[in-house]
Amino acid sequence: VDLNGIFPPIPTPFAGDDIDWRGLSSNVTRWGRAGLRGLLVLGTNGEAPFIDAAEAERIIAATRKDLPSDQVIMAGTGHPSTRQTIAATQAAAAAGADVALVVTPFYFKSQMTADALVRHFTEVADRSPIPMLLYNIPPLTGVSLPIPAVVKLAAHPRIIGIKDSSGDVGYVADLVTHTRHIQKGTHPFQILVGVAPNLFAALSVGAHGGILAIANVFPELCVTLHRYVRAGRHADALELQRALTPLARAVTVTYGIPGLKSALDAVGGYVGGSPRLPLLPIGAAQAEEIAQMIERLKPLASTTPASVLNPQTI
Amino acid sequence: VDLNGIFPPIPTPFAGDDIDWRGLSSNVTRWGRAGLRGLLVLGTNGEAPFIDAAEAERIIAATRKDLPSDQVIMAGTGHPSTRQTIAATQAAAAAGADVALVVTPFYFKSQMTADALVRHFTEVADRSPIPMLLYNIPPLTGVSLPIPAVVKLAAHPRIIGIKDSSGDVGYVADLVTHTRHIQKGTHPFQILVGVAPNLFAALSVGAHGGILAIANVFPELCVTLHRYVRAGRHADALELQRALTPLARAVTVTYGIPGLKSALDAVGGYVGGSPRLPLLPIGAAQAEEIAQMIERLKPLASTTPASVLNPQTI
Amino acid sequence: VDLNGIFPPIPTPFAGDDIDWRGLSSNVTRWGRAGLRGLLVLGTNGEAPFIDAAEAERIIAATRKDLPSDQVIMAGTGHPSTRQTIAATQAAAAAGADVALVVTPFYFKSQMTADALVRHFTEVADRSPIPMLLYNIPPLTGVSLPIPAVVKLAAHPRIIGIKDSSGDVGYVADLVTHTRHIQKGTHPFQILVGVAPNLFAALSVGAHGGILAIANVFPELCVTLHRYVRAGRHADALELQRALTPLARAVTVTYGIPGLKSALDAVGGYVGGSPRLPLLPIGAAQAEEIAQMIERLKPLASTTPASVLNPQTI
Amino acid sequence: VDLNGIFPPIPTPFAGDDIDWRGLSSNVTRWGRAGLRGLLVLGTNGEAPFIDAAEAERIIAATRKDLPSDQVIMAGTGHPSTRQTIAATQAAAAAGADVALVVTPFYFKSQMTADALVRHFTEVADRSPIPMLLYNIPPLTGVSLPIPAVVKLAAHPRIIGIKDSSGDVGYVADLVTHTRHIQKGTHPFQILVGVAPNLFAALSVGAHGGILAIANVFPELCVTLHRYVRAGRHADALELQRALTPLARAVTVTYGIPGLKSALDAVGGYVGGSPRLPLLPIGAAQAEEIAQMIERLKPLASTTPASVLNPQTI
């Protein structure tokens, strides 16, 4: 599976207590035309911990139906226990996911030694019908996956890469240094960054792509940044990075999922809406602040050379 | 519901992939004779996040069957989302739980403002068929429940108390100061401490009882300590505290649930066993260390005056 | 040296760039009549890191002159390096200090292993002309002094006790458990607590006294609390604790030294004033909040039975 | 002052209790031939908090004497209080320093609001005879300098740049974004990174240079990396970064100053030695580990094209 490119971790739209299936479908259809490498469903931004098993399978199946078949569906399947994670991974594969993204377990964070983490990921990979990515996100989990554990796990045939949301570009660089000689079929061990303000820097030190909340809102701009780097147009990539960073922060650390959903409503053409409780919807002042950030980016988005969507011409 | 006294947060024994129902039954029967005020099932020490909904209901029902009817069954029902928590609380009530213990939601910890927490607990309490306790455990969750939010929530007729595992005796003291004038039926708002090394200090500043991992292993000693404090025998209580603290730390912060289960195996008469993955069983050296701590406490346990189990005679 | 009792960590009053020597003198004279066991000069609350060596010696000498000779002068002498600490300790002794309070060095906190800490304190104690207290304050320093290191250091003839400001009553209780059999002349190894909201709890588990910012403002109330505990009047002590806690927090964690100085100005009869830069003076709204807390405590202070100042009659 | 380039934060060699002046002189002479932009004296790596005022002035004067006059001497002058910092800055200027590096004050970290920090730096800059750099190092200080405060301070004529050791490349990128239009004489506001594993990434997002412990040990390799980036040779720069990172971590986060001094002894031609207490010298096993890292880098250092030391030919 080729993961070189940009993936948005898509939010789950709700209509009252239920999922807004129509909204999900129109969102997926639109993302499908944006040059993305694929979508991450049931990530943290999809409110995965609030979604039950039956909903999860249906979300994957619905996304698969609406997304062009050459685009990758990655599904978050991490759960507190190993057995739950295996069950969710198998169910995701059956529903149509191409790749599973498995976060470090963290409920009992002080017991999550390197041995426990290696055991967990190995058990899941052994029973997974599909390729799998590790997911390291210490600011959320309080658990950090040591590089030697990653190297050990990278030897497993079904573990094809890692998403890192540590915020530490040095960690990403170390991942590249220690795994770049590991070949998984036609691809190396693939490294995706999960912190948008670091996208340019992470690609510069050798990451292959990104899974970024802001890619839900301005997918083309994120794709363009990625292609600029691939084409060696570093100055252009850096300018784009600078333009994207403020909104990227607003829809993650500052306002979280309520902010991301508000941004989708503001950009137009997407369905955002409210999160499930205990997340509260964003306040009016914050929504206005996000809307203004989006207005500032729209001209840039509309003038992106069409060529950037065609990797051959950049 | 009278919560004055000691509750062990009982672990869940496993036999292979399934729950060891026979082991659970014999454990509960034994705890039922130890002078405890009741049991907490499906707490963190019960590996609740690893237990599915069907198992959870059956655990509650089985415990109810084996526990004397004057002893309280408290059930952990907190989940990441409000709707999951409501569902789990209603199911727990239907299965026979007397009280629900609801942890602060924490998956999206940076969004858990006082407003979000008050909204969550209120929604759950509104729909709960049984009385409810708040649960504050910042070292696990990264979320701290502010005292003014507790005071506001204490006005809800079904919110009867709080368990605090912050480790901060000053916070417990503040809880007492700010809620002691709030009457819930025949009882005040009740405060239970969840950190055993602080049991004596917390009771001294006005807490009503404790929910303590070590109460699984030496329930009578914990009950005795509580009764000593109630009887004004502070020096005796403090000596008992000093004796219990080392093992109390070993079965919590140091070795976690694997340590607690190992201690149950070592003390004799209880079923401990291994946790579910990703928790790894304890190593032999650690188990030996715990066994030695238990040997040092056994003489004390066997010489506890029978009288302490009779509150009238202490 | 008998440390059973209450010590205020006195602030340093300034007049422009210089120290307000007259203000210091009148403050010390007044504290000298309040039943305190002594004073801590050049602690954190004395803005010690802002005070140069010549000022430090003169502060100690001036305090000694104004304080009754049966009251203890403790001086903070901790510096980043061992040699600076030794020099400051010898200078403090020469200027009239009775006891040195030496904080764990912390500039290079990640290198401060137990071995490094034991070596540092031993080198200082070997060269100190006066008895010495260890000082553990992890919230400020990021360094925690392990109990086994304390036990090892307690064997040194000149290390007579410890001040703990960890905020963890369990740590205080462990200190007592592991050092109470160590006799230093006519006293045991003495334990002073540095967190006022925990004073009652810490005394209950066996601490000998306290070094408390609020004792600058209402010394008699703190002394009374200590004597209530010594007399077994736990309920009275706890009521007093509850009354003192809000102001105790305001003059420490909430508003720091600017808050403490503002409180001295508000209570009347003491000189508070402004701190040295980079500390900014407190704002008017905060000063008003502190003044109101003080007004609420004044009636309590004025009705404290005179008898409490006479340990024989309580 | 042009800061484009690499600065080592030089350690202070000791001979017994005193400074090893001869060792300092030979070290400085050697660094002076390595293509560096200058030296930082009295930084954290110089054990500045352990150095008294008289020693500090003499270190600056001695370094000035031995360093070619076109190379910059930057001196750490931050102290806990504003007045001490002003005094140290004036003394450093008098002794021959070209630029002062002033760390955020942090002793009372919870009071270090943006207002307090802006006030402090402004007071110091107003009274500084020489240009000044801000210094942000949250992992050591617990204080983070907000970007808007930096922008405000960058308007001061004598504040010419900032050193950032946050470890967050996103923060460096934000600094560039928000200050790149600010012109200070012939240079923009200059940004130096203090975390060697991030050197390549930080330069890629627009930083101007670095102040790096490893630049004491292999100055030429760091200079080469910087020049590769300036010449657009990104792949070469990245390879060099990967080679340097392990040793860079060993002489900072892993083994600290004792590790850095050990590395200087191992690389040959420099004087390292032991730190002052409470820092302990490095153990033999750790020294051996560092020595092996150095052996692996030596071939690379010896084959660095001579041309890289000549910016015109790279």
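Order of writing sets the chain letters: A, B, C and D. Residues in each chain are counted from 1.
Here is the rule we go by: a contact is a pair of C-beta atoms (placed from the backbone, for glycine too) under 8 Å apart; a residue touches a chain by one contact, two chains touch by 3 or more.
Model, not experiment: these values are computed from the prediction.
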Practice problem: Would you mind checking which chain's C-alpha centre is most distant from the centre of subunit A? | Solution: C
Practice problem: Could you give the separation in Å between the centres of subunit B and subunit C, each centre being the mean of its C-alpha atoms? | Solution: 37
Practice problem: Using mean C-alpha positions as chain centres, tell me how far subunit A is from subunit C in Å, no decimals. | Solution: 52
Exercise. Make each chain a node and each touching pair an edge, then name the shape: line, ring, star, complete, other.
Key: ring
Practice problem: Could you please specify the touching residues of subunit A with respect to subunit D in the complex? | Solution: 167-170, 173-174, 176-177, 195, 197-198, 200-201, 204-206, 234, 238, 241-242, 245
Quiz item: Contact residues on subunit D for subunit C in the complex?
Solution: 17, 44, 47, 49-50, 52, 80-84, 105, 107-108, 110-113, 115-117, 119-120, 123, 140, 142, 253, 256-258, 276-280
